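You will see two complexes here that share chain A, one where it goes with chain B and one where it goes with chain C.
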Partner chain A sequence: MKLGAGRSEFFINFIAILITLSIAFVAVIVLIFLLSSQPIDTIYYFFIGPFTNRYYLGNMLNTSIPLIFTGLGIAIAFKSSVFNLGGEGQVYAAALVTTVICLALPTANGYFGGTLALAGAALTGSFLAGLSGYFRMKWGTDELISSYLLSASIIMVVNYFITGPLNDPTNNLLATKLIGSQYFLLKIMPPSKLDIGIFIAIATAVVAFFFMYHTHAGYEMRMCGLNREFSRYGGIDTARYLILPMLISGLLHGLAGGFIVLGTYHKAIKEFSFGMGWNGIAVALIARNNPLAVIPAAFFFAYLDAGAKAAMLHSDVTFEIAAIVQAIIYYLVTAKVIYRFIRYRKRVINA
Partner chain B sequence: MREITKYYVESGVLANDRVSLEVKDNEIHALIGENGAGKSTLMKILYGLERADSGKILFRGKQVSITSPRDANALGIGMVQQHFRLIPQYTVTENVILGIEPTKRRILLDKGRARREVSAIAKKFSLNIDCSAPVGDLSVGQMQIVEIMKLLYRKASFLILDEPTSVLTRQEIDNLFGILKSFKKQGKTIVLITHKLDEVSEISERVTVLRHGKRVAVRDTSDTNPSELSRLMIGREVALHVERPELARGKPVYRLESITLREKGRNVPLLDRVTIEVHQHEIVGVAGVSGNGLSELEDVASGLRKVTEGHIFHNEEEITNLTSIELREMGLAYVPADRLFRGSSLQSSVTENMIICNHHYFIKRGILNGKKISQFVRELTEKYSIMGEPDVPIGTLSGGNIQKVILARELSSDTDFIIFAEPTWGLDVSSSEFVYRKIIELRSEGAGILLISSNLDEVMALSDTIVVMYKGRVVMYSENKPSLTKELIGEYMLGLRDDFREVQSVKDSRGVQS
Partner chain C sequence: MHSPYSIPVLHNTIRIMTPFLFAAIGGLFTELAGMLNIALEGLMLIGAFFSVIFTAFTGNLFLGLTLGILSSVLVALIFGWISLYLKANIFITGLATNLLAPGLTTVLAFQIFGNKGVIRFENIPNLTHITIPIIRRIPLLNDILSGHNFLVYLSWLTVIIAAIVIYETPFGLRLRATGLNPRAIESYGLKPRRIQLAAILISGFTCGLGGSMLSLEMGAFVPNLTAGRGWIALVAIYLGSKRPLGIVIASFVFALTESISNYVQGITSVPADFILATPYMVTLLAMIGWSVWQYYRAKE
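Take a look at the complex of A and B:
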């Protein structure tokens, strides 16, 4: 059995994404030729750089961990036609909660405390996103707006805690104290920052895929996402599926926040998670909201990031080049232009 | 318009078959016909919203090509469509000028001029309307007038109104007709699409009748009468014959008892004390012209809309206002009229569409049993000879095959009562026959069937009992017998007859016999 779109659909998606990414690469090359005085070197570092040593490669994969989580969070919400634009705030708040739990238990067992901290992160994200889902169910407020506004204000609150009561005065960073070292996730590719979080992220994507396509709740959620009237007619509790996808989406965003603290930063730094929420949307769009496709999509995003960093270190371009390329991809993917074009072509050929 | 032909490839419907229409200058011309007779399509072609496959349009003696509403506007042709296209937050003036706003120096909106011009129109045609009020605060009748003002502002001299009275109260209709008559005095030409015969004689001078996409008659209104028009609209012959074995009906399975449905802001109820009873081995066919409560009856009977008053029973158990979830758990089977939106999820696969109401059977500890599902789907696709792979989106299937998927799904569980709404609308002949065979089969097996359809042929060919709805009321309720002619039913459908009591006694006497 196969639920979801058929093989041809998958093929079209794949080709469309390939074209999108090729355009992005061409854009990078053109930009480099325009901006760099030694373009060949720059291109080499941009494209090959991330693979030249363990350090770069590991860091690149490490960057993808939170992106897989946030990408999954967005993909599941979008599949259910609910919109969680509060990812930024959810990641950030969850990161703070993780730090606070770890700091509150300085001597606890690492596994126990770590699990507790991640649970706290997941709950924080779920709660924030779930609120918007609840408001939507209860009063019909647009969850897209409410989640965004809630996130924007929660960021201020988190900033206050990091720079105020929880600030580490011994450090001149705007950050909290370091969490106990028993909480640090195991590094798997030293000297890079890559930790075992990557396996958990990938496993989560697999679980999310299974959930969406092979479980009762996943099926009902997708049906509600595609056609709410049809779902109501078929006897599905459609109100439940306004809030459940938000809870799951928030949970995944929360985990993103938890893993960057336990795995990478070991403390909460002011605005350190910025961009992870928004980039999750881009990752989900590239993956066409397919949980498994989120993994390569997140790798790709991390690759662009790593490429730009490598090119910046070894050559004369600035890091913004990555931002420009990301913007191009954003446009291409959201416009769905290429996707439609191929679909149209296919129909014409078949007809 | 000469010999206009329009074929909708997607649905396979021949909407206009070499239809000609002549409208004289400065007349009020009524265009009548049943639902789906092709009235709106013909007018949409004239207004440039649709393109004809063949035929030509002559306007004031010259052949014209109208490919968009802009072309139509340039010729002075304007159309008010059935569904209003107004922005509720904007004032009357703002709505009227939208799209061709008067400007100062080509950039700034000239509000003063807009106000002056729009109130001048209101004054000229003595339209009683507050031009500075937001449209959202107006009554439906006044919104209709705003739509007409939009045409006047665009200097239209040839007005097309698509069923303008369907949402209006009697007073509002009188007011509208007064306005239309004054337009005529000022030299304007009006085409009125309608299926209400009293309006034809009230306002029009000539009338063109369409049936099944063909023009069947043109008359001067003074030379004809409502029963002739009714006959022309509906036709004399029942065009459909379905083999229906004699069966004695069994015990009652489903009953709507004095159902009333009201909507906020509407004085007239959408359904008015409707009582219908369905027995085992019985097909109850509900006929009516659209806008007379058929779709509301469908929503209420299927539990998707809550009733205001009244009770619904299933096997003597009250099921009034249960949620669709509860009704599904009880085994409700329902083939909806809106099969592309309510009846299926077009982007989802055939499989996913087939298990929407019965996926509960395939779940073990929250996980879907893929093997069982594909076996189930394979069996149904074979049984119903559905052309389409289980994993393609259902939207890629033909209309007939989509309907087969819906039937397969709805009839897959044992059920003693099924609602069919417009089951063959837009289907080709062979798919329709398939649907009819299925309905008859279910009846033989002992199910009670509520058939809601604006296709009178279908209702007459299938039903054991025929119910006619007009303006939300049951105006006829009778056993289907030879003396019940199409003409007679047509007169009830079009509101020419309203002697419910007499017919009710027919039903009662039968009730005694059985």
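Take a look at the complex of A and C:
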């Protein structure tokens, strides 16, 4: 957070996150003992389940792909002190646009059409988030609330298209038609759903890190994040950095939507991306808004998700215990008292 | 206003307005104490779930309502304690509350009823409806304002009490001062954090009432019952210029939109999804319009 944050600051952050996550895991165990009639089995499936076979492991890694994108989208916005709470709608709308582009080009070359579809997804996300950024820049409309409201209404509109005009009548699912198979991303760990999107997600995180820490624009964005007034006196065009972080944030959310269609679902299904936007916020918080740290943070969240799913499949608890655990992480992840405790301990040890 | 439908639409507006009003009035306390309280949504959902569950279990409306409100106050206490005493970012802990509420209610519903969908209660006592005697002879007013359940009138009472507390009591003065400058409050030997915690607990109390209204009037709990009402209430605070009367007007406008949408849904072929989107859209447009107005007013 601070300028010139050195190794010591990194260490403190790391320990604090570790403490937070440990508390969350203890909470999982307590919850399972309270709720399950066979707690030991449930705990086994929750914690070990995701690693027991290729299928679970691959699916878990696959879940992390959209989370890396949304986590990056939030991290870059937060780092610039701009708040994008419209991730849910941006991912969902972008997923629909990706599907529509692929369906409109049923015989196109896979690389050409796929690139076009992803570009459409990125533009959709950028546009939606950019609107809130624009209102903020132009009239000072609070982007946190406006992005949420815009997203909430866009979700309804996307629902309409998926269940209405674009619905596939030959299928009982509330979903669109399947896109052409030339658009499917290559699976790398059959029989699981994991596809090459994971490499693109990781590469994007590296690019985002480079952008934020090694480019002029990235530097100015971080400065605005630290203190917008001060940056303005320093000659930075601060208005620009109200809209640019939103555009980038929306772009990354859009890509999340694009990749779940091309890589995993191959169509748009009603409500299929729900949670990816909110979880992106948790991922960014655990990563302390560092783009590279977003990768392990997304893996962790995917693990939590996979654990809850495995426990639900093999035991008697419901998937939503994951939401309670996530809430506990949200509650504690910014608690300054934990950091103070570590600093205090460290001083005592060093003295 | 000459259409025969305007009376039921306005009658419903008064009913729909109540949860907004409760949440926004509670949110006004936290807002004046200098906190962005996005947890209104989650606190309402907690109140909605527990009040209907406790009412069904005890068979007593008053007891169920009280326990339901206590539940949301308890969650508000956790939310406030972590934010203020563990010094966590209140925006993030607000998100946590909004995530906890659907998670907790679904897990409990599944555990108790083995069902994650709509939970209907057959023998739940009805909310008592009240006829206002004074306006019984005035046809239009009587049709619109009278015959609602007691929570509707309680919300009006809450607005009046809130206005008195905020503007006429030492607590209200301290609350507003905390929002302006917590350091100054400290120099008077008062503890700003305690005042802020009190404001959060008040918001938990009113959100509990607002949520209860949603579930008790149906005698059922539906997942995501609050459906963004807490967020809309938050916007109502801003649009109401952080004043009780302004909040009443803003809540009325949002409720009117929803009431008209409900009515339109019955008579036109406009897709239901678009109609569901209108309250958010109207709220967003109102918010943008308000900031444009503020912007040009500040320029002059």
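Throughout what follows, the second predicted complex is superposed on the first by the 332 of 351 C-alpha atoms of A that agree within 3 Å, B and C clash if a C-alpha of one lies under 4 Å from a C-alpha of the other, contacts with A are read in each partner's own complex, and residues count from 1 in each chain.
Criterion: a residue touches a chain if its C-beta (ideal position, glycine included) is under 8 Å from a C-beta of that chain, and two chains touch if they have at least 3 such contacts.
No experiment lies behind these values; they were computed from the predicted model shown.
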- Would chain B and chain C fit next to each other on chain A once aligned, or clash? clash
- Task: Could you say whether A:S231 touches chain B, chain C, both of them, or neither, answering first, second, both or neither?
- Result: first
- Query: Given the superposition on chain A, which partner contacts more residues in chain A: chain B or chain C?
  - Reply: C
- Message: Going by the contact rule set out at the top, does A:V157 touch chain B (first), chain C (second), both, or neither?
- Response: second
- Message: One more residue to check, A:R54. First (chain B), second (chain C), both or neither?
- Response: neither
- Message: Which partner chains sit in contact with A:S146 here, chain B, chain C, both or neither? Use first/second/both/neither.
- Response: second
- In the superposed arrangement, which partner chain does A:Y330 touch: chain B (first), chain C (second), both, or neither? second
- Query: With the two structures laid over each other on chain A, which partner does A:I281 touch: chain B (first), chain C (second), both, or neither?
  - Reply: second
- Task: Considering only touches as defined above, state whether A:H216 meets chain B (first), chain C (second), both or neither.
- Result: first
- Clashing segment of chain B (vs chain C; choices 99-107, 225-233, 351-359 or 387-395) is 99-107
- Listed in rising order, the residues of chain C that touch chain A in the complex are 36, 38, 78-79, 82, 85-89, 91-93, 95-97, 99-100, 102-104, 106-107, 110-111, 116, 228, 231, 234-235, 238, 271, 273-274, 276-278, 280-281, 283-284, 287-288, 291-292, 294-295
- Task: Please give the residue numbers of chain B that touch chain A in the complex, ascending.
- Result: 302, 304, 324-325, 327-329, 334, 336, 341-349, 351-352, 355-357, 359-360, 363, 366-368, 370-371, 373-374, 377, 389-393
- Query: Which positions of chain A touch chain C when the two form their complex?
  - Reply: 31, 35, 83, 135, 138-142, 144-146, 148-150, 152-154, 156-157, 159-160, 163-164, 278, 281, 285, 317-318, 320-324, 326-338
- Message: Help me check something: in the complex, which residues belonging to chain A touch chain B?
- Response: 1-9, 214-217, 219-220, 222-223, 226-227, 229-237
